[in-house]
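Dropping the structures in below, format is structure tokens.
Each of the next two complexes has subunit A plus one more chain, namely subunit B in the first and subunit C in the second.
Let's turn to the complex of A and B:
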């Protein structure tokens, strides 16, 4: 297992290299260019060309790639040619926003969906199980923007319980910021509930039928202890992996939610840097997201290893 | 100067035209403000002479007394790039700059000019030399006084193509760098390359890059947002928000009435987010009409001030590409459209019917030609006469999603009735405008492109319909039109101007290089507690006199 993890970690730089190169090459396919973004549709071609040249956009792609890559690695991310602000603080502040929203959604969804998933699994085939599974499936099929729009109309506009914009006024404390994030977090909870509860349910069912569990029950271990000491640690292993996989989505894939709630997260910046030909910003965000993805997956694998008694046992030997 | 236009005489000429009923009161006011006759002067003339003729000035009801204080919350488009007044072109950047910096003159909703940093101006008799008096006692937000040097530097910067400003295009053939001269401590003279009777509009708000900046402006507006405007930019977070505080040394005290303004930036396409923010009171102002079916249309808290404007969708045909080379084919399409139905469908009725020529009803003094309306039989006849009685297929390119793709879909169904099989190619805005050699809006045979409102018809036809005009999508080239156009721009006499306008409109309508089916109204959605906030055809935001209840 240790060797496997070491391999996974060693592969990270290779993956990042491929991702960054692809980002640079694919970005060339987006129509228009950076000079046109800055000067607008009514500037003349020669004005646009002059600006492109000043910004170094006429250099070959690979040369620009090298310039960017060395800067990225050394931590010198430079200034966005379009927005004219240092890229690193901009991206980091957006990452902070995204993390806060992701954390809010996580804190709500993980306990609820794991608990309900296990309950459904333990009472497989019961009415409770059917209800939980049905809700999970229905929410899974509900597109984010539909759920979000309904929530905005009901809780934001009609009942006026919660703010409809996710960004708290400048200078707000953490509690106020969280208050603004409740509504946008719910559609994410909807999306994730289905995944997580279904995995927890099937893990529970599978483990319940395992030999060792029958032995434990026959041994006369109290029901509660069977559940907490024997069933859950085994049943939740796949769930941990599934949760790990969702981290990347939660941090950089929330474009729709960010737009509906006007939240300045990483997703919005990613899209605008792509459409505006802000290549250094686009590449920096892509790398950051790729790193988060890779690290989250490695961590999920590692925690799988830590939780899995069989793997633990193998290590002990 | 001895050859100056005699303003007194010109004023009387305008009033004569009014009394002969060749000009409306609105036209007289507009013309008067353009040549630099102040509203008080012309009103006095109107009062003394027109009053006797029974043409009284309109009396407005007593306006409520403005209240000072409060912070206005505005939903604004996020600036596309770093804000730079010299190169900006997008609504978000323009919004930010217009709170902080000012023009020589502001174009009012009725297209009259309000002197701002120029206290007055006047042309010579020929209309090719314009002298502007710069207001005394105005200070920039950094404490430096405004002088003629700043104004000269501002316009020399703009007319120089190296600045990257698209305003350079607006001045091409009109004003060169050497034409901007300081002729006194507070006087600037513009010596034009040709007579241009509507020149003051080129240095006013409709030429949105023309804000007066300090002579020392170095291109970094974000770092030092210095201007003479009613507000001072105190915080700016890229893509998130901008915060403004009242400028305590504003020259036109007691304005502004607001203590401050906050912009929350939105992605322009995020319509539901902006409407929800307005509806719940998170913002007070949304610079747009509500979307079709939105509850905001009937919200008792929301006012929807509306202003006819010259914003339009140009539905052009490449006049150099068959089958569109034949004017009858272009006219056939024009007769196939049900214009009122289009307006009710796309704009909930908030637009004026267009007549395939650029003299929008919103422009004072626009000629009135017989209105084109749907006539399928006639359209079919025209196609048959052009040898295309069996119909043909073509591709229409436009940008979407939004009103242009909706319009294109309606067009598609109308022209199908006369046998034209039109397929649609809806591109994203950036692809549609493109870059370099790939700019569909200037190259495809048939398309629809939006034209922001202008203050005068010249600002539309110069670039779109004169031979070789830089944004002439239809490639229409008609020497008669070009000749009439330059005469129109050099004519001071109102009767001749009106006659020329009618000829221009007739020539264009007959040729139909483009269908102009509608002129969209400017509609703002604002909370009723907000006073003195006028909608603007160019979607500008003038908060100088705005106050909160």
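Let's turn to the complex of A and C:
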């Protein structure tokens, strides 16, 4: 396992290199004239030429890639030609906002979906199980903006229980900010619920049928103790990993929710830089997201190894 | 000789498929969902015959009309009939999502069949590439590609299908690897059948259920992806009645005219949930 993890970590730079090539080709080679793409058809040729020169787009291809890649690694991301602000501080502050929203969603979804998933698994085949599984399956495929618009109409407009914007008034405390994030977080909760509860359910079912659990029951260990000490630690292992893998999905979900609620997160910046043809910002966001995604996946794998009693025991020996 | 030997097997295969279909049609979740999907497909093809108003006909005198006898689902910010636009708006997703699924299935299945059957260096190389594509979150790749290549239906289909094909390839490959160890493959090999025959005639029919289920699952994701990208303004452009686009434009009127965005939202939900339920029933029937 340790070897496998080391292999995974060693592969990160390789994969990032491939991703950076792909990003570079899409953002800098395919458009042909990058300066013209950014400035649009109404800019004069000399303006385009000046921008190309400033961003280094008149250099040979290999040099351009080197210039961009080393700049990214050393944290020198340059200035957005559209917004006229340094890219890195902008992207990082947006990332912070997105993380707050994502954290809110996770805090709500993990306890609910794990509990309901385990309940469904323990009562496999019962009416409760059917209901939970069906709801999970239905929510799983529902695009976030669909769930969100229905929620806005019901809770924001008709009942007026929750604020319909995601951004608290400037200067408000963390608690108020979180209050504003509840409504935007729920559509993310919907989709995540499907994945997490499903994995918790199948993990529970699989473990219930294991030999060691039968032994525990036959030894006369109380039901509750069997559940908490024998079943759950084993049943929830895959769930931990699946929660880690949801980070990739979450990036898409956040983009939609931030756009819908006009929340200044990374996803909204992604869409606005696409609309403005801000290719340098777009390329840097792509790289950052790929890094987050890769690291999250490796952490998910690592958590599986760390939590699995079998693997842990093997290492102790 | 082979033809005679093969004939009963074919009859058996048809009977098996027929039995599975009958078992599927006996389940309400499957049947109801299938009827809903077929209904939307029929609407997408034939709405021109019976829409009460032209979906693009504006009426400056009656914007934000509440649902009424004249306008079943009300009117939007330009006084256009929401019900007519709802029906007409089905066309884009009903065309784009299956197109994405077909492209992803064809490319992914061919790759999976070839790499799974032949193995070796090609297999290793292609699977590395598949892993690399999978590390790019689809949304970021789609946004980047649609920005650079321009917003067109073709780019949209190719970008989403390009993200799906590696996933299909991986599933099909795993299934081929399992089939390759079976006796009938050895028998065909002893008859000295060639690679393309082995893949096309011997292995393909046996991995077809896998491909079918994978296709149904991908179709659900394709509807999701098309709806999401058009909501983000990267799909069909105004004045298209596309559902995702209509929701994103209707958000600003949610306080006064919620019906504008509720109608297409519910439509997307009905389609997506139906496709997912059908996919789930197919998975239970075929991949037990």
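One rule holds in what follows: the second predicted complex is superposed on the first by the 275 of 317 C-alpha atoms of A that agree within 3 Å, B and C clash if a C-alpha of one lies under 4 Å from a C-alpha of the other, contacts with A are read in each partner's own complex, and residues count from 1 in each chain.
Everything below uses one rule, namely that contacts are C-beta pairs under 8 Å (C-beta built on N, C-alpha and C of every residue); 3 or more make two chains touch, one makes a residue touch a chain.
Note that the structure is predicted; figures quoted are calculated from it, not measured.
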Identify the partner contact of A:150: answer first if only subunit B is touched, second if only subunit C is, both if each is, neither if none is. second
Report for A:84: first if it touches subunit B alone, second if subunit C alone, otherwise both or neither. first
In the overlaid three-chain picture, which partner chain does A:9 touch, first (subunit B) or second (subunit C), both, or neither? neither
Return first, second, both or neither, reflecting whether A:19 touches subunit B, subunit C, both chains, or no partner chain. second
Which superposed partner A:289 touches (first subunit B, second subunit C, both, neither): second
Go through the superposed model and pick first if A:137 touches only subunit B, second if only subunit C, both, or neither. second
Report for A:61: first if it touches subunit B alone, second if subunit C alone, otherwise both or neither. neither
Where does A:40 make contact in the superposed view: on subunit B (first), on subunit C (second), on both, or on neither? first
Between subunit B and subunit C, whom does A:275 touch in the aligned arrangement: first, second, both, or neither? both
Which residues would you name on subunit A as touching subunit B in one complex and subunit C in the other? 30-31, 37, 149, 152-153, 156-157, 164, 259-260, 275
Can you name the residues of subunit B that touch subunit A in the complex? 80-82, 87-90, 161-162, 164-166, 168-169, 220, 222, 235, 237-241, 243, 264, 266-267, 269-270, 272-274, 276-277, 279-280, 282, 428, 430-431, 433-436, 438, 441, 470-471
Of all residues in subunit A, which touch subunit C in the complex? 15, 18-19, 22-23, 26-27, 30-31, 37, 134, 137-138, 140-146, 149-150, 152-153, 156-157, 164, 248, 251-252, 255-256, 259-260, 270-271, 274-275, 277, 279, 282-283, 285-286, 289-290, 293-294, 297
Spell out the residues on subunit C that touch subunit A in their complex, using ranges where they run on. 29, 131-132, 135-141, 143-149, 220-221, 223-224, 227-228, 231-234, 244, 247-248, 251, 254-255, 258, 261-262, 265-266, 268-269, 272-273, 275-277, 280
Using the touch definition up top, name the residues of subunit A that touch subunit B in the complex. 30-33, 35-51, 82-85, 90, 149, 152-153, 156-157, 160, 163-165, 167, 170, 259-262, 264, 268-269, 272, 275-276
